[in-house]
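Letters A, B, C and D mark the chains in the order given here, with residues in each chain numbered from 1 onward.
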Amino acid sequence: MKALVYTGPKSVEIRDTALPRPKPGEVLLKMQLCGVCGTDIGIHSGTHPRAAAPLILGHEFVGEVVEAGARFARGQRVVAYPLLSCGVCHPCRTGSPHVCTGLRLIGIDQAGGLAEYLSVPEDMLFAVPEDMDNRIAALVEPLAVALRAVEQSGLGLADRVAVLGAGPIGLLTALAARQAGAAEVLVSDIDPARLALAGALGFRPVDLRQDDLSEQVQTATDGDGVDVVFECAGVGPAARDMTRIARPGGTICLTSLHKAPCPVALLDIAFKELRLIGSRVYTREQFRRSITLAQAMAEDLERVITRTLPLSGSAHVFDLIAAPEEADVKILIDCTA
Amino acid sequence: MKALVYTGPKSVEIRDTALPRPKPGEVLLKMQLCGVCGTDIGIHSGTHPRAAAPLILGHEFVGEVVEAGARFARGQRVVAYPLLSCGVCHPCRTGSPHVCTGLRLIGIDQAGGLAEYLSVPEDMLFAVPEDMDNRIAALVEPLAVALRAVEQSGLGLADRVAVLGAGPIGLLTALAARQAGAAEVLVSDIDPARLALAGALGFRPVDLRQDDLSEQVQTATDGDGVDVVFECAGVGPAARDMTRIARPGGTICLTSLHKAPCPVALLDIAFKELRLIGSRVYTREQFRRSITLAQAMAEDLERVITRTLPLSGSAHVFDLIAAPEEADVKILIDCTA
Amino acid sequence: MKALVYTGPKSVEIRDTALPRPKPGEVLLKMQLCGVCGTDIGIHSGTHPRAAAPLILGHEFVGEVVEAGARFARGQRVVAYPLLSCGVCHPCRTGSPHVCTGLRLIGIDQAGGLAEYLSVPEDMLFAVPEDMDNRIAALVEPLAVALRAVEQSGLGLADRVAVLGAGPIGLLTALAARQAGAAEVLVSDIDPARLALAGALGFRPVDLRQDDLSEQVQTATDGDGVDVVFECAGVGPAARDMTRIARPGGTICLTSLHKAPCPVALLDIAFKELRLIGSRVYTREQFRRSITLAQAMAEDLERVITRTLPLSGSAHVFDLIAAPEEADVKILIDCTA
Amino acid sequence: MKALVYTGPKSVEIRDTALPRPKPGEVLLKMQLCGVCGTDIGIHSGTHPRAAAPLILGHEFVGEVVEAGARFARGQRVVAYPLLSCGVCHPCRTGSPHVCTGLRLIGIDQAGGLAEYLSVPEDMLFAVPEDMDNRIAALVEPLAVALRAVEQSGLGLADRVAVLGAGPIGLLTALAARQAGAAEVLVSDIDPARLALAGALGFRPVDLRQDDLSEQVQTATDGDGVDVVFECAGVGPAARDMTRIARPGGTICLTSLHKAPCPVALLDIAFKELRLIGSRVYTREQFRRSITLAQAMAEDLERVITRTLPLSGSAHVFDLIAAPEEADVKILIDCTA
C-alpha cells in the first residue's frame, strides 16, 4: 500500500509499504482522510525529540473498518483516540494517562494514518455519526485539543477572550471558546491570510505588525483586561503578551509548546493573581465529546480546511505549509486518492 | 512621638513626629510590636515603585486601643488588615479587592506602624485573643500571606511539597503547608543559617550550593516530583527550578515578586499540565483566620523570630538584615521601647 | 403616577401613587418594560416571607434616565442590579454579597419597577446597549439567574444536560446551557404548552405525564446519565428525579426554591459522588455579563416572551398566569401604556 | 485455615476453610490484623445489597507476604487497596474507577481478610513502612475514607468544622480535618462513650440528647455557621441538621450512606448556595497517601482502637458492637491468634 513516510530531516516520500496485519484486539482500517498538523511539521523538520525515521505520519484521521471487530461492524467509519500511555507512572496511576510521563502517539511514535490502511486497537476507536462528513471527522482530533484548552480555562458565559496565534490550534480554540459562550474573541497573529480568516469567522483580528495588542484589549474590555488568554502561538513575544493583557484574577491557558524557556513577567502573575494553566492533548472522554462538538460546529470547521491533497500527490505538503503565500491553515490528505 | 521614617534611598531615621489625630471612624493605637519585612527592605533600598519619602514604615503590627471606638474597648489589643482598595476597579467590583488595580497599604502608601502611635480606621481592626502573645500577633500579617498561598495551591493531605527560599515568607509557607497536612516539605536556599533553621523546624533543607534540588526531589518522591511548589525566593534560578521539580498535574504557587521577567520553561507547563498560580497578600477573611492559625502554630512561629529591637534603637535594622553573618530571619521592633 | 401595587394576599391594584423623589446618589427612571416573575406570584399569593403590602412590585425592568446623574446621561436606557446587601454579614465581608444573610431586593423589600417611575441608586445601574431591544433588556435579570446557574454547574463542552421544569427559569437555563456548549438538553415538565415551547426552541421535551424521565435520559446518554441536572421545578418529584438521572461524578444545580424540606436520595449523592450546588440570583459581574449574553441570545429570548400587557391594564396579570389554558411563560408589562 | 465467615443474616462463624491458592499475578498474604467496619455490620445484619453468604469478611487489613512476588519480597508487610472496578463504565473510562457503577470490594464481594491467609493481586498492594505499627496499618483503609472526604470538602486553614456522628468514620474524619488545619471541630453524637472519646481527642463534643447543635455552632462561629459539615451519621436528623449549621457558601461533605431518601431543606441549599458533595471510598493515590497520613497521626489513631480480639475468639464481635454499654469504636481482629 501507499504511505507518506518520513525518511529523515526535511524529507518525506510516498512509499510502497507492507499492508499492516492486525494483532489480536486490533482492526484494520481503510483510511479516508487524514489531517496534517504542526507536530508533523516538527517531525519533518527533524526537531521532534521522539519520532524516528522511517515513520508513516498522521494522527488526525478518519477510516473505515475493513473487517468487523468485536464492537464495530464492517464499513463503520471511525476516528481513533491516538494516545498510548504506559499505565504505571504517577499520572497513569492517578487517572490522568493523557499526561503519562512516557506518552506515545500513533503517527509519531509508531505508524500513523497517512497511508491506505492502518491497524488500530479496537478500544481506541469511536464511531463517526452517520450524518457527519469525513472532512469534519478528520478535525475531531485537533478540535479535542481546543476543547480541553477551553475546559481547562474555566471560561464563563459572555467572557472576553484573547487567542494568541491564528494557526489551526488558535482558530479551533477561538471557535471552541465561542461555542462555550465567549462574548468577544480577539485573535492575534502576524500572518495576513490567517488574520483575514479569523475576521471572516467573526473574531476581532489583531494584526501585530501594526496594531497594539494591549490597546486593543483595553478598548474591547473597558480597560479591564481579558478574562481568558489562550496562548496558541508558541513564540517569545506571545509569552510576553499573555500576562499583560489578562485581567486581575484571569486565566492564561497555555496550549502552545515553546521549544526553549522564554522570559515571562512573573510579577504580573503574582500581582494580578493570574492562573497559568498548561493544556496537553485531551482525555478519552474529551475526545468522545469532540465528536459531538465537531458536528455542532461543522459549518465553521469547514472554513478552517484550506486544501485537500490526494495521498499519492502529498509528498510536497510540507513545502506548501512552509510557503506563506500559500496561506494554508488546515490541509487534509485524501488517503483514497 | 518617635517613629522610624524612611527619608530617601538607603536612609531611615528615628524622628520625632506629630501624634496622629484620628479622623471619624478611626481609633488611635498605641503600638506594641511591629515586624520588618522584605517590602520594607525594598522601600529602604529605594526601588519600591510607590513608597515616597518621608514615610513611617511598618505594616505588620499589633497595637492597643488608646480610646474606645464603636467596636473596640480601650486597652483592647488589635491587629490591622492593612489593605486599602479603590472600590471601583474590576477586582474591587467582583469581590477580590485584595488584587485591586490601585491597591495601597498602610506602611507603604501611608504612615505605618513603626511608631509609638498610629491611627487606623476601626473597620480594619481585628481583636487579638487574650491568650495570644504580642510576638505571635505581630506575625499574623506575614502568616496570612502564607495562609493564602497554601489555600491557593489546593494542597492535599500527605502531599509532598517544595518551598523555594527560606526567608520569612518561605519558612512561614512551609509551616502553613505542614499545618495543612503536607507530609514531606523540602526547603531550598543558599544561606546556611536559614537552612539550619529550616532543618530545626523539621523540614528537609536543600542547600543549593552543594545539593542538586531535582535529585533530592526525585528521592523524596519516588521519582514522581512534588505535588506543590511554593516559589518564595524571587530569583531567576528558582523560576527555572519550579517547573522542573513539579509532578505532572502539579501546582506551582508563586508568592515571590520577581523584579523583571525571567526565563520559564513553558514547555514543562504545557507538557506536564502544571498550574502556575499567583498569590498576593490575603483577603480580609484569610487575615481573620490567620489570627486563629497563628495561635495554633505559636510554638513554631516563635522560632522564626530571630531578634527584637527597641524602636529607639532600630535605625540600623536594615544594616542588620543586609549582613548575612547576622543570620536574621524575622526581626521585630518593640515600639514601646 | 400609576403603579401595580400588591395590597394584600391575592390582591393587586393599579393605584395612583406619589412620584418618587431621588435621594442623593439616586437617579429617576422612566420605566419602559418590566417582567413579572415567579417571586411576584409568591408575593401575590401572600406566601412570601418578607414582602409587605402595600408594595409596588417588579424587579426585572428597563428604564430611561429622566435627569442625568454622575455617570448616566438623560435618556440613557438602563437596567438595574436589584440586590441590596447589608455589608456586614459573613458573605458580605467575604466577597459574596449576593448571598447576604439579610439580602433585600428592589421590588420585593422596597418599591419596584411596575410603575411609571422609579428612583434607583445610580451605582446599581448598567447601560443598555444601543442596539438592544427593550424586550430583551427586560430579560437581563432572569437571564442572569440562568447564567449563574450554568456557571455554578461547571458545564463542559458537548455535555449532556437535563433541565427539570420548563418555566421561565428552566427555559432560560436550558438556553444558557446551550449557549455554554451543552450538546443535548432534555427539558421535563407536565405542562403541554411549555413542553411545546421547549421543543420549538430545540430541546428534547420530556412530558412527565407520559414519558419516563430515567428512560429518556438513559437513551439520550448511552446509559451514562446526564453530566448536569438543573432543578428548576421546585417540587418534590423533581427532587426525587434529580439524583437518579445524574451520572456518577455529575453535578446537580439547584436553582429552584423548595418551600419545605423534601425527600432526597442521599445514597445516590454519596455513591455516585454527586455535587448538589445551590445557586442564588447572581453577582454584579454576572448581571453585567448577562447584558452581553442577552444580546447574543436575543432571537431565542424573544420566543420566551408570550405576552405584553399595558401597565394600566395589568391588574389581572396573576389571573392569567394562574390559568394553564393561557399557556404563558414570560409576561412583560409595558409601563408606558 | 481459620476464617470468620458470614453464613447468613445475623450469623457469622469461625470456620475451617481451604487455604487460598494464588492465581497468576497474586501473592499469598499471612494476615496480621483486620478491622471490623460499619459495612461488615450491614453484611452481618443481612441488609447489604450485594454480599452473599458464605463469605469471609474483612477489607481493612495488614498482612505479610508469604512468598515473594514480582514487586514484594517475602516477609514484607502490606496493605491492600480493596477496590475492584469494571474498567468499561463511564466512571472507569474517565479516570474515576473508585465510583465504578459495578464497584466490588475484597471482603464484600469476594473473600476478605478476616482469615489466616488471603491471596491478593500484587498490584493492589502497598508496602507498610518499617516503623509503622500493625495497628496503625490496619487503620489505613478507613482513614483513606476520611482523607478523601476532607479533600472533597476543600477545607481551608483555620476553618470551622462540624462532624455529625462520632463513629469510626466520624472520628477519623474529625482527626483528618484537624490534620488539614481545621481550627475548631465540633463533633455531635448521641452516645456518651463516643462523645467522651471525641472530647478526649480535643474536639468539642455536642451531645444531641441535651445540647442544641445550632446554638453550639452559632457560639463557636460568632454566628457565621461552620465552613464545612461532614455528615458521618447516616440518620435523618443529621440530614436535617447539616444544611442548618453550614454558613452561606459553605460545604457539606456526605460520607454516610442513608438507607432511604430523607427530608433535606433544599431551600437552605439554594438560599445559602451550599455545596453538598458526596464522597465514596478513595482513589488509589489517596489510599497511598493514607499510609503516610496514618503514620503522622499514629498517636491519635491508637486511641480510636478500643479493643483487639483474637480471630479464633471473634465470632461474637457483632454482639459486642451492638451493645452500647461496651462503648466500642474500632475493633481489630488479630488474625494470628
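Here is the rule we go by: a residue touches a chain if its C-beta (ideal position, glycine included) is under 8 Å from a C-beta of that chain, and two chains touch if they have at least 3 such contacts.
Chain-to-protein mapping (UniProt): A, B, C, D = 2-desacetyl-2-hydroxyethyl bacteriochlorophyllide A dehydrogenase.
These numbers were taken from a predicted model, which means no experiment stands behind them.
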Equivalent interface to A-D, which of B-C, A-C or B-D, with over half of contact pairs matching by residue number? B-C
Between chain B and chain D, tell me the centre distance in angstrom, where each centre is the average of that chain's C-alpha atoms. 39
Suppose each chain is reduced to the average of its Cα coordinates; what separation in Å results between chain C and chain D? 43
Residues of chain B touching 2+ other chains? 94, 96
Make each chain a node and each touching pair an edge, then name the shape: line, ring, star, complete, other. complete
In their shared complex, at which residues does chain A touch chain C? 147, 150-151, 154, 156-159, 176, 179-181, 183-184, 289-290, 292-293, 296
Residue positions on chain D within touch of chain C in the complex are 89-91, 94, 96, 99, 101, 152, 224-225, 239-240, 247-249, 254-280
Would you pull the chain A residues touching chain D in the complex into a rising list? 93-97, 283-285
